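First subunit A sits with subunit B, and in the next complex the same chain sits with subunit C.
What follows is the complex of A and B.
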């Protein structure tokens, strides 16, 4: 086989950067085990969130917390759509399941600690994911999208069907314990809540990042790109699809639980089809195929609305216009970004980084 | 073929496939022994691909059996092949466009991993050692085919010949006992074709090979045994020199082997 590599040496000389480049800091970082790398990154992000919430007020804390749970939901969707190539228009349904599980647990079992509620939520929403995923495993593309859309439309209607248990269209309201007494005076209740949401989100993201960087993530990307070739490589195509669905359902459920915990309510109007479509739009805006896309998408989802409202307020617009301005902003931003950077905000960030690197 | 014919790895016997009224294969058989390269040739529409598909479980023949190491395969599907120790390349390249060349080969190496589902989900246990092992094996396979310099590139950015090498590395990285090659030479330049011939000959020490190919030069150069199909029936079998001088084969190819070499 020596002859094979011989005549390659000429083409290799033309591109010196591809011949055994000296390991950069980034290379060394990527060589660390996932179990070290991702928790370290999460700890750094957590410290940044703590620092950020120490200078923002209660409203800011709430917004930062919202970015957290949206990011978790979008990251779960990223694994499903960006990695395994299955479309879901019904991810809000799993957030609905998570939010109501959290609300019912707090109302009926107030003694349970928050972390246990979170774990129960993940187990329940994963179970729902298994049921839906197994039922939809044979559906492709638009058919899968249709089936999941039906779920997002149908599930919140349960609240009206069982008003005694689920509180009807008003939903369930509850109050959660704030910061523990030992931390009173050190951090405020809203800071504690934002930190709890981000702590949960970051644990979820560490799991999602570990999965997508390893064998399972590679299996998903392989079957997304070419099912026949993935099958011939011995990848269990059907099972891997269901696993992706279940994991993303778990992330969605956990995100819903975080939302309910942060807002102290779970109402059916929060989990309309619009939510599912917004999550999908935010994912595309942020960028498919990278966990960073989830971060950019979540920031855009929360702050475009905030800035739109502030702008409407500053211009003293009519309330009909003001209510729709954030949606218009989001739509225009989505169209512009996708036109210029088809890989979303993450694609924009990485092409800017490339420019900087080349300019150096 | 060795003189003391060892037990075949793969044996297809009495395969008959009909599509509606059309008989694509009629009572066709072939066998591949360890360490041999068997070529499957014939004019267009002779049933080569149909036989390939029957062997790899894409279609189910109306009659006949496919057995692997003496055990008859019933209801096997293409995704069972890897676990049996059979690798198959597809007629197209079928590389995963969204994965780097190295990741493409690592997908092929997936069955060499030792960690279970828990390791894949949590990053605990064998997760990291598996990643390292798969990466090393994939890198070694790319090096073997002279494509190591392309490890980090996306398939779409690579020249066609290099993409073919990556696809070949992906097929053999998990050390299959049998390699099914579906027209591996299509679209290759002469230089790449020579490299491919050398690679196929080198496989002989490690695995059996079943080759469907139009390029007669390649087939005659690498095969130990050739099966010729025409209109769904076997019209000749034997070593390359006997096939070359067989009048029935020459007739099937309209008596002009030069033209056959050019049509692939």
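What follows is the complex of A and C.
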């Protein structure tokens, strides 16, 4: 992430000087094909995460990891809502599927390596996405939102229906293998876990970014802007919608698997409707229509609460107020950002960057 | 020579690959943590942590546990602290979400560097951090839940239970019903998690032949109409309710609205009369009934208890706690049994810390927990020995009387959570003045 923004800022720094038509670093960067550009950016981001986790403690590692999986889930939602224009209020259900798949695999098939578990999770949650997506392809707007909401409400109840397999309302707990012995002393277990989550997230993001930059992404945006026009232009409306749903379900499932792996648990009370709504709120807060929005949204989701708690602590408020301050803080931030910058934190960042550029 | 090096190198490479790509669930056992350390202890303070649901679905009611504990610690600090050290009690909100519990517990252990954990609340939540706390060598005292899993000294040597576990309590309820109401038809109403299964295991040992219905509810669904109707259909004269407070109240209201008047027998987790009264009035008001005689509705309710309830105003511990609550608790909500629950936990913690010596380490705290009789304010013996981490080991059977002290129907009994007998408890209950830190 950090290095990606560095690249952009380098381009901006050089723009005023380069009156000559010679291409700048930024232009050359943007001229690279997506299949080269995104993996390179992901590698740079991965290096930045490794550097970051080497200076943070175990709690910091956990939070950085949480930003990772939330970002993946929100990015999947971004593809669905921001690009293809379908609203899902039930994305937590796919995280639920992913988390329980990971938990059951680790508990019942401990010999399977992590990467294989992740692949199985993606396959399963995509299958769930096909089923749900096919069933809801004819619905749009509030009807689709309602149908997906029902999924988010209903699915966690499965754990109570099958308590032997899914652990009932207490959920499943397990521990996963930490850093390999050959790396002992170099990186800690929590660093290893944060790196594994971010590795998965970045691979997922590269896939999502490549899709949205390509033909499928173009079709989705056409669909979002005018479904009838897109249909007349020969875009298969139903199929594109279902594909968008399936991809975002896969991203949600993978995010759930990362969460389960990071925390070592899958519990129904983590996958309530509140989670689905928080993901949507974070997406809107971060900014619709750009993968950067997912990053800002995920950071806000994890850190606003932490800052709110610190603020409450610093103000020495009455406990009833202090307990609820972090939630209020998030709400107020959401309202303010939407009022001032309707394009979210990403919109704010780019308009600030514009201001700086014009100020030069 | 060369022909041997190549396979050896290949073998080593394969071994390296195999270890680095090993199964995600294959974990190695780490070495036991060093307990001769004292993080969180300074010249003049000791840091104690806890995770509690301060917001979210479990917050109403349970939020007062930490209020009570904080008031007791404040009182201890005002009286000079423990061996000259002030107690710094840090409560983190987990909103009853296990994912948050994991985060805040790591924060408490790594960033706040707490000396010990006190009364982490909830089975779904705390079960996810038990391994972590034991691996990190953090004493995990007096978990706020009646699940059986806290009492596993071999697996979790540093985790100690607090409240009487659900099976022990249900056995005592079952025996009381079998002996005193042998002709009654009994129905169970319980939560569909370990509260339900553990309670049923206990009840079945005594009232299996009298049982006519077993109904369960999900804590996410507040409609208990079908369950209560089914109990009425089955003609149950006695309903054993192993429910959290909200669902005890809902069941009573539902029964009243369909003209069904069974004898309710409620477990401690759902029998806090002050909380129940509040909930009954609240739910009735939501349904458009403002003048519900909540106190009269509870009159006659049979319940189990293992520490004195707030209505026992002659009890020296309740008198002390009321005084502490008045002087030190923040907020203006009335004191309830839930508050006393937190106050008892804090009292036991204070006692254990005091006995851990002038230079406490985690090991000396654990030793103190093992050696001391921590019954304290409780009405039944407290098990915290090396081989039994069960906490309060039995219960009294009481009956609520509107506007009066509750009537003790059966004195404290103790038992185990398997098929063991129920026996009379022998309690040597110290008064507050014998407990040490209360000398002014």
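Miscellaneous remarks
Everything below uses one rule, namely that the second predicted complex is superposed on the first by the 324 of 360 C-alpha atoms of A that agree within 3 Å, B and C clash if a C-alpha of one lies under 4 Å from a C-alpha of the other, contacts with A are read in each partner's own complex, and residues count from 1 in each chain.
Here is the rule we go by: contacts are C-beta pairs under 8 Å (C-beta built on N, C-alpha and C of every residue); 3 or more make two chains touch, one makes a residue touch a chain.
This one's a predicted model, so the numbers in the text were calculated from it and none came from an experiment.
In the overlay built on the shared chain, the residue A:219 is in contact with subunit B alone; subunit C does not reach it. Contacts of A:113 after superposition: subunit C is touched, whereas subunit B is not reached. When both complexes are overlaid on chain A, the residue A:35 reaches subunit B alone and has no touch with subunit C.
In the superposed model, A:278 lies in contact with neither subunit B nor subunit C. Residue contacts after overlaying the shared chain place A:160 against subunit C, while subunit B stays out of touching range. In the superposition on chain A, A:233 makes contact with subunit B only, not with subunit C. Shared-chain residue A:148: touches no atom of subunit B or subunit C. In the superposition on the C-alpha atoms of chain A, no part of subunit A is touched by subunit B in one complex and by subunit C in the other.
Of all the residues in subunit C, the ones that touch subunit A in their complex are 16, 19-28, 54-55, 59, 63, 67, 93, 96-99, 102-103, 106-107, 110-111, 123-124, 127-128, 131, 192-194, 218-220, 330-331.
Across the complex, subunit B is touched by residues 1, 3-8, 11-12, 15, 18-19, 33-35, 38, 207, 210-211, 214-216, 218-219, 221-222, 224-226, 228-237, 247, 289 of subunit A.
For subunit A in complex with subunit C, the residues that touch the partner chain are 57-59, 62-63, 66, 105-107, 109-115, 117, 157, 160, 163, 168-171, 173-178, 180-182, 259, 261, 263-265, 267, 269-270, 309, 318-320, 323-324, 327. Taken in their complex, subunit B has these residues touching subunit A: 77-79, 81-83, 87-88, 90, 94-99, 103, 106-108, 110-111, 113, 115, 120-124, 127-128, 130-131, 134, 143-150, 152-153, 165, 170, 174, 191, 194-195, 198-199, 202.
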